[in-house]
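Paired with subunit B in one complex and with subunit C in the other, subunit A is shared by the two complexes that follow.
And now, the complex of A and B:
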């Protein structure tokens, strides 16, 4: 239990800052929806507006980088701070330490993904609008999977790269490289783009004319993403086991 | 010695950012034909544009601009609070120099690194364009370097100030990223749009580019000096505030 508390304390500030920002932005987007809809050059329905500004645009981009930064930390950082010795003296294995930190981070990602799903449908009636709970919950599932994948990029980078800010920079560049590679012509026909999967753009389960999720969620792809995430967390644990502190 | 210390602390970040930016610029120029013709087409929206438009979309108002803005946040993270976390603050503070001088040196080294990063595309794009039998005017590239430097200094200063204020692990870059996104969002709000407060728009000359009479070069208008000077003045105020806060902090 103490390890969970340690992982929580280390990421608490970042998580709370991210959560407050996401929640506040959702409130702002709903309350000022009339003004916000004017961003587009054509009139938008409420569903289209929410999708464009939250699930495709600003909020998703914000969420992606927050997820990446939530993944940073771990034993290499502790080595820089001179506290790795204390952590390693605890009667637990290194993979256990890595696993707890990953699980804490993934739970935080799930909470961040759920925030728009709670705030938007709950607040919409207050401004005379309606946003279906089913839509927002489905997007929350997609964001949890996508966010977990992006989180694990930061997580692995922070287990590989020492140096104060090397890991986040490397993680960011890794994400950029991934985003470029999945847009390559021979790959763009496969559902590999996590950004498109999160927003639904070009996906068979998304109806762009009404900006809603219309088909069943891609459970097989989501399961594969979670398998990749688990494998990468295991890899990070293996790397930590072989590192010299 | 202080300069060397500040350089040693930031050189890895600087080297990675410079390599990434240079690598991306060379990728955009040397593989422009493949990107534009769709043979190997990494960026979907770039098929069949002119070379000048291709550079503008990919570098000056596209991916490279976003990369520069986001990575500048990491360049700006400094101050003594992070040294406190490393338990080295007392050694630095024991040096026979004022806190102000330590901070000003860090800021100056960061600003010089920022200037070099801003200049990188201007050095690489016009010269490497010749290798692929294309032309990109140096004056145009330098125009964007000035824009990137001025707007980048605003981001740098915000990151520096937040790293002086926020002590939590990686809280400062998260806060700075959130602040940057909020700035973009608020300045895009319909009632604020005419004032063009969006830093990213200024960096990429969004909506102000025009074609030359031959319609083969996308050109920017004159530099928006009042806006750039305002950004620089705000950056200077943020750096001064960071120095003032550091002087009053207890280590």
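And now, the complex of A and C:
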């Protein structure tokens, strides 16, 4: 149990900062929705505005970045800080350490994904608007899966690269490379782009004319993403097992 | 108390590329005593300790600690339940308070000794609500010792425990190690500080360039090692003194200085038969033995 506490304490500041930022931005986007909607070249409905600015736009991009940063940490980072010896002397296996840290991070991602889903529908009536809970909950599910995928990129990078800045830079470059590859013309038609999957852009379950999720969520694809995440966490455990500290 | 082998390595080797940090190390450490692991900086002490604790994987060779293989991750993990480790830099989780770190550590050891914890907390004057990052290195060492000793480990391994400490803290540390050994804990500590090893260790293993170059009980060393200084009327060839028990021969004009590690009486008899004009015999300290051994190994 105390390993969970350790993992939480190590990511707590980053998580809370991320949560406050996301929540504050959601509040800002809802409260100042009139000014925000005016920026567009044509009048936007409230649903369109929220989708553009939150689920497709700035907030999703910020969420991706925060998910990547939440993945940073682990034994190599502890080695840089000098605490790896203390941790590794505990009667705990390295895969167990890796697993607990990954699970903590994934739970934090799920909470961050839920924040817009809670804040936006709850606040909207206060500004005379309505945003359906069903929409926001479905987006939260998509964001949890997408965030988990992004998180695990940072997580694996952290288990491979030591140094204070190497892992975040490697993770960012990894994400950039992935984003470029899935945007290649011959791959564009496959549902490989996690960013599109999170926003719904070009997806059969998204109706762009009204900016709402209209069809059933892609449960098979979501399951595959979680399988990939689990596999990459297991890979990180194997990598950690073979490292020298 | 009967003494059994608690650490044993067989041809333990660690290579980093072409650099051999530890080279075919055959180390034996017996229980219920304090063993000093002496060596220069970079001699391979920390790498050896890390291999014993499973932090670093051996390139070749094997080792057993408390009857558990260090090469097998599962056995190594089981072994760590009974082994406490205090690392060189004594870095602990900076974001936790002393109390949180104690609570965290004790959760891994069901046989945690609350009486020892409370006694050491009082003795060391550790502030429970202070964050670890706000502790001095001396205080961090005390906290690391508290975390290690409150488990009543069968084996306590320390890597350069006195590094960076002031003389008062070093003294408190050495007293703590003596007390732990008196309580039945086997203490194995690395150091390059000869004086502190000589002060508390009963046995010493000297490592140089990754190789074990000496493994001796300090009592035996004090009893067997002698410096014999002979004065002659004329220069003597070194070859005359190459006999069993002489570890080192130094000649300077008509003076010959022998470092004997055994057989001192027979050597003296031989020396007398060469009719020297003067004979001086003196006991040898660990410092001299260490310096001669390390010099010789080069």
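Note that the second predicted complex is superposed on the first by the 245 of 245 C-alpha atoms of A that agree within 3 Å, B and C clash if a C-alpha of one lies under 4 Å from a C-alpha of the other, contacts with A are read in each partner's own complex, and residues count from 1 in each chain.
In the analysis below, a residue touches a chain if its C-beta (ideal position, glycine included) is under 8 Å from a C-beta of that chain, and two chains touch if they have at least 3 such contacts.
Quick caveat: nothing in here was measured; it's all calculated off a predicted structure.
In the superposition on chain A, contact of A:38 is made with subunit B only, not with subunit C.
When the two complexes are superposed, the chain touching more residues of subunit A, out of subunit B and subunit C, is B.
Once the two complexes are laid over each other on the shared chain, residue contacts for A:230 go to neither subunit B nor subunit C.
Looking at the shared chain after the overlay, A:160 reaches neither subunit B nor subunit C. Contacts of A:222 after superposition: neither subunit B nor subunit C is touched.
Once the two complexes are overlaid on the shared chain, A:10 sits against subunit B and subunit C alike. In the overlay built on the shared chain, the residue A:123 is in contact with neither subunit B nor subunit C. When the two structures are aligned on the shared chain, A:81 is found in touch with subunit B and with subunit C.
Of the two partner chains, subunit B is the only one touched by A:62; subunit C is not.
Touching of subunit A by both subunit B and subunit C, each in its own complex, is seen for residues 10, 81-82. The touching residues of subunit B, when paired with subunit A in their complex, are 12-13, 16-17, 20, 38, 40-44, 63, 67, 70-71, 74, 77, 82, 85-87, 166, 168-171, 173-175, 177-178, 181-182, 184-185, 188-191. Per the touch definition, subunit A reaches subunit C in the complex via residues 1-2, 5-6, 9-10, 81-86, 88-94, 241-242, 244-245.
Those residues of subunit C that touch subunit A in the complex are listed here as 50, 53-57, 73-74, 77-78, 80-81, 83-85, 87-89, 91-96, 103-105, 107-109, 144, 159. Put simply, subunit A touches subunit B in their complex at residues 10-14, 17-18, 21, 25, 35-36, 38-39, 58, 61-62, 65-66, 69, 72-73, 77, 80-82, 163-166, 168-170, 172-173, 176, 180-181, 183-185, 188.
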